[in-house]
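Chains here go by letter, A, B, C and D, matching the order in which they are written, and residues are numbered from 1 within each.
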Amino acid sequence: MTVRAGVFAFTSCEGCSLITLEVEDRLLEILGRVEFVNFREAIDDKSDDYDIAFIDGAITREHEVGELMKIRERAAILVAMGACAVQGGLYFLKEYHEPGETLAYVYGDKAGQFDTMPVRPVSQYVKVDHSLYGCPIDKREFVEVVTALLSGRRPNIPDYPVCNECRMSENICVFERGLACMGPVTRAGCGAICPSRHVGCFGCRGMVDKPALDQHRAVLTERGLTEEEITARYRMFNGHWGSAHEKP
Amino acid sequence: MGLMAIDKRDLSAFIDGLIPQWEVVAPVPVEFKYAFRKVGSFQDVALDYTNTMLPPKKFLLPQRDELFSCNPEGGPSLTPRFDETPRVLFGVHSCDVHGIWLLDDILAEGCSDPHYLCRRSNTLIIGLDCKGPCHDNAFCKDMGTLKPAGGFDLFLTDLGERYAVQVGTGAGTALAERGGFYMADFEVREEFFAAWQKKQSGFPNRIGYDTAALPNILAESYDDIIWEALEMRCFDCGACTTVCPTCYCFDVLDENDIGTDRSIRYRRWDSCQLQDFAAVAGGANFRGKRSDRLRHRLLRKGKYFKEKFGRFACVGCGRCGRSCLLHIDVRDVFNQLKG
Amino acid sequence: MNHKYVSPYVPRLAELVTARQLTSREKFFEVRLQDGSALGHQPGQFVEVSVFGVGEAPISVSSSPTSQGLGFELCVRDAGSVTHALHELPEGSTIGIRGPYGRGFPLDELKGNDLLFVAGGLGLVPMRSMINYAVDNRADFGRLTLLYGSRTPADLLFADETERWRGTPDFHVATTVDLADGAWTGQVGPITKLFGGVAINPVRTSALVVGPPVMFRFVLKSLLMMGVYESRVYLSLERRMKCGVGKCGHCQIDDVYVCQKGPVFPYTRVRKLPEAL
Amino acid sequence: MKNLDIKVEHVTRVEGHGNIVVKVRDGRVEDARLDIVESPRFFEVMLQGRSWQEASWITSRICGICAVTHSTASLKATEDAFGIVPSAQTVLLRKLLLDGEYIQSHVLHVYFLVAPDLLGVGSVVPLAGTHIEVVRMALRLKKLGNDLCALVGGRHVHPVAMKVNGFTSLPEPAGLASARERLVAARADLDATVELFKTLRIPAFTRETEYLSLKGVDEYPLYDGDMMSSDGYVFKPRGYLESIKETVVPPSSAKHVAARRDSYMVGALARFNNNHGLLHKRAKAVADAVGLSAPCHNPFMINVAQLVETVHCVEHAAETIDMLLGSGMSVEVSDVRPIAGRGVGVVEAPRGTLYHDYTYGADGMITGANCIIPTGQNLANIEADMQGILPGLLGGTEADVAQTLKMLVRAYDPCISCATHSIEVVFDRG
């Protein structure tokens, strides 16, 4: 079986779109099964006839909403790809500044000519069938989602914290190095790549479905982080994470 | 079986002599910790190591264990996968030897698990006595694992200039015949006995009562408020079960090859502490409460297996307590239950 | 490939002989093992069904070992990956079967008794195996009573067969739904409502209960109030299962592996397991 | 053709969103623009109030394709502000990462985004049918770049191991040694690429312009140095604001940047023109073989310069590994003490010079930031090239004109997604 797919980028760095080309080992095989019919970074053709739509990026402007809805109508399966599309991502950081000041800082006296609206994840506007987490997405997980969809099963995406993977990899916990880590509340699947390189997890994959937030706060506090530092950590990738946790 | 000995200077030749024929796995330093890894030479081995991050079970029940592959063409045809790599686990401390010994029982019991047993029958275990408590929270003495009782082929105890070598199996005898080993004479026996006495007195008890009472204490504490109190200290991350030498629960998954439509069914480590471990399709979660999950783990460690196999499914290594970010420590819980 | 080890995790190949839509969510399958052998199951046992490349799920055998067919029957609700994939498979497809696993209904203990079957929703699937066994061995049992509750009339399973059971001598069948539609003239309400309308002789009766987790408590209460002996109540419990052979740990109720000691348990056993109900 | 209105929406095979707008009236080019319709992302604002530890993590997200360069520029800006001079080992590892990023980025651009044009197909996908060996080769080379980044930085897109004044963890020597073997083995693929390039027809068009890049001293400069112009002046990175100016040009698209002339070029060709003497000898040989010599004023030759740089980076990476393994790597203490003040970090990204400029408070929190990215700097030059090439094209069909303009824009390797100041423009279609 082959499927037709489109890759669409909204407000993002397009790193996630590029990851789909970074699976060099499997790319030819993937291209044998997935016909990309709309993928601005890689091909000229543009078709509105596709089964799967991969969405890269957050929604930050009015006209993006309309485009997104059109894509949703056409695609049988919509996959949100990366932290921006899934949880608003890093760009949500701008929401902690006054909109007017934001524009003025970047565009000076021309600020009046620009418009931007609050950063929102794709799921705010349309139904998302599957999510690929992370900033950027993990290439193995991209292959997993593609193969799972082709064979008709639900992709295997973990719903347990990064700590689990981290212990499996026999990493030294970064808390023991005196660093702070979002791993206890962040969805695994990246292979704990940051702790493996002695960096505390930033939470780019968003949180597990039911994160133990109070417990995590307790750990961070016990390790000497101030309230402000904890909040800064949470804001980095999880400013807009589910309505209940909006804007920590 | 018998007691033998090997001079320290001969150990290196013995281990290096195994490497061409076996994959030799031993503790190696990883920054300020240790891990069991495949080694290329005796020089890489950390003889004076403290408890590794993961127990050696990862070589017998790997994190990803392929059960069979399926080729859809002409059939489909299913091919079971068995790992027959000849392997030596060297330098295993007595707590971990106990852990393996327990897995041996569990995975052979009832419908036996040939994927484990195949690996196990191709694995030789050479234990090594630790000299003192490796960590503040190790409570091996209380759990009765100071001394190996089964599950090893050879077990070495440092006597200064040489090692006393307990021979546990016929395969161990065959290993000892490779040279360097000799029958223990009276002097070795005396020293070995003295070393054991010294080890026993050098390890403190860390549980405030005789653990023989543990199953009953746990039974009586089934509805104790202590479980609720632990709720607020757990993340459901499963670190504790991942690092535990006696945990073996797994999940079974299919993986497809995008190019060929072939698939592989494999299992991977799972954890009874994860939220969805007991959730079913209808939406029910039979252990949806964190406190229930914690109690389940503790009861398995201190009661269920003791009743079934006569041994605790906790060897007192202390790994779980050290891995838990909010310090849920099996030993502390055992102590509090009596408190 | 003749290995000295035989893996219990490798299924036997089987053919999906027929596939028929039963309700909007459930499909009925007739399955035959490729080597032509009989499954050799007991009523109440289950098999692990594989769709290769998708996964495996535990499914109760719905046919009775006494049935005349060449294979065995399953009834599956589309609830997730494997079950959905099964629904999509065309007739003639190859699937994998492991088992039968677990302990079914205790036929020897039941012999000679009146049987009260209490089935909620999908619970009728494994129960059907036992009911047809009893019908096919009618002389071995006393009075038969089936109480069956379903969400809506459209969800009722095996309607033809339920009618056939009704026509069997000394077999009383009562059904109820949670939500009635216009055409429904029968009982509305929880399954316990049906208990008022049945006449049983509690001392001769063995009660068999299969249903969703929420059902057990109320049904048990009613049964015990009616005077059924605790030792003659049998429950079939659902749990998450992966391996089916007592290793993976998922199905444990306290220290009991449901796939080994269940899914059918005497109530007297369940009562001692705090996690069971 | 007297009147012509072309609007090529969303130029494909570039990262980001760009529209080409052309308006010709009575044979006269009235308008030729590259509009950026990327959403503004406000990185300069997002950075405010965040700590020095997070700056490179945040700015890496400006662009997924040159995340290593953004991280590097960011770290250098912070180090400049705090008066930190990173160790020789850190600098070598960063250079190695840049080599990896150049290999991956140039290969992606040359093979996936440009070669299809030159071979006359719509994308790399049909190439898999007609030129499978070329595609395999491209994938191998790209993977080499990726793996090199992953080895040193943890991963290519948004590296994790780079930090202020050092690395969070060091690559395994064995990994470096095997990477070196693969680099040497890659020469065969590169030789084959050179042969392929000799057969490609590169449009002949020249327009003299100003070329800006870092200035090398003893090495082809990607990581540091002063800034130089082909017009013969140099300036210090810290003083960039006196030499180049950003302007918002309504109703035109992104912020334009200019130095002493109306426009200048940055990127592979600018670097080649300014520093070709410092290229590795193998790279020089390749330049000769494919007919690239300085000064070259054909923007379509940017892609040839990219191939030459790829060869250079493969050799440079192997030499860097030799130095690292030769001296033996050691875990270094990376002491960082924030002080109030401003710092500028300038790095050559695959597609041109990149500036990060931060102002810190004494608490190590960012109070002001400015990032100037290569695509913004090239915009005015691209438009000038469009103006220049159009008159010669007007005899052809509209489709041909559009195709040539698309190729021109693509030749610049514009990464519009990192054009942080870009805006959408409503324009007149005549």
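The rule is short, and it goes like this: a residue touches a chain if its C-beta (ideal position, glycine included) is under 8 Å from a C-beta of that chain, and two chains touch if they have at least 3 such contacts.
Remember, it's a predicted structure, so these values are computed and weren't measured experimentally.
Both subunit A and subunit D are touched by no common chain. Of the two chain pairs examined here, A-C and A-B, it is A-B that is joined by more C-beta pairs in contact. Ranked by how close its C-alpha mean sits to the mean of all protein C-alpha atoms, the top chain is A.
Subunit B and subunit D have Cα centroids separated by 52 Å.
Distance between subunit A and subunit C, defined via averaged C-alpha coordinates, is recorded as 43 Å.
The geometric centre of subunit C is 65 Å away from that of subunit D, both derived from CA atoms. The geometric centre of subunit A is 37 Å away from that of subunit B, both derived from CA atoms. Subunit B has residues 253-254, 256, 261, 263 in contact with two or more other chains. For subunit C, residues that reach two or more other chains under the stated contact definition are 53-55, 80. Pairwise chain contacts present here: A-B, A-C, A-D, B-C [touch as defined]. Only residues 151-154 of subunit A touch subunit C when the two sit together in their complex. Those residues of subunit C lying in contact with subunit B across their complex are 1, 3, 5-11, 13, 50, 52-56, 77, 79-80, 83, 94, 96, 212-213, 238-240, 242-243, 245-250, 252-255, 260, 274-275.
If you check the complex, the residues on subunit D that touch subunit A are 10, 12-17, 38-42, 44-46, 48-51, 54, 57-58, 61-65, 67, 108, 112-113, 116, 122-125, 128, 135-136, 139-140, 142-143, 146, 154-158, 160-161, 163, 168-169, 248, 250, 417-418, 420-421, 423-424.
If you check the complex, the residues on subunit C that touch subunit A are 53-55, 80-82, 84-85, 88. Residue ranges on subunit B touching subunit A, taken from their complex, read 30-33, 35, 53-54, 63, 232-239, 242-243, 253-259, 261, 263, 269, 271, 274-276, 323, 325-326.
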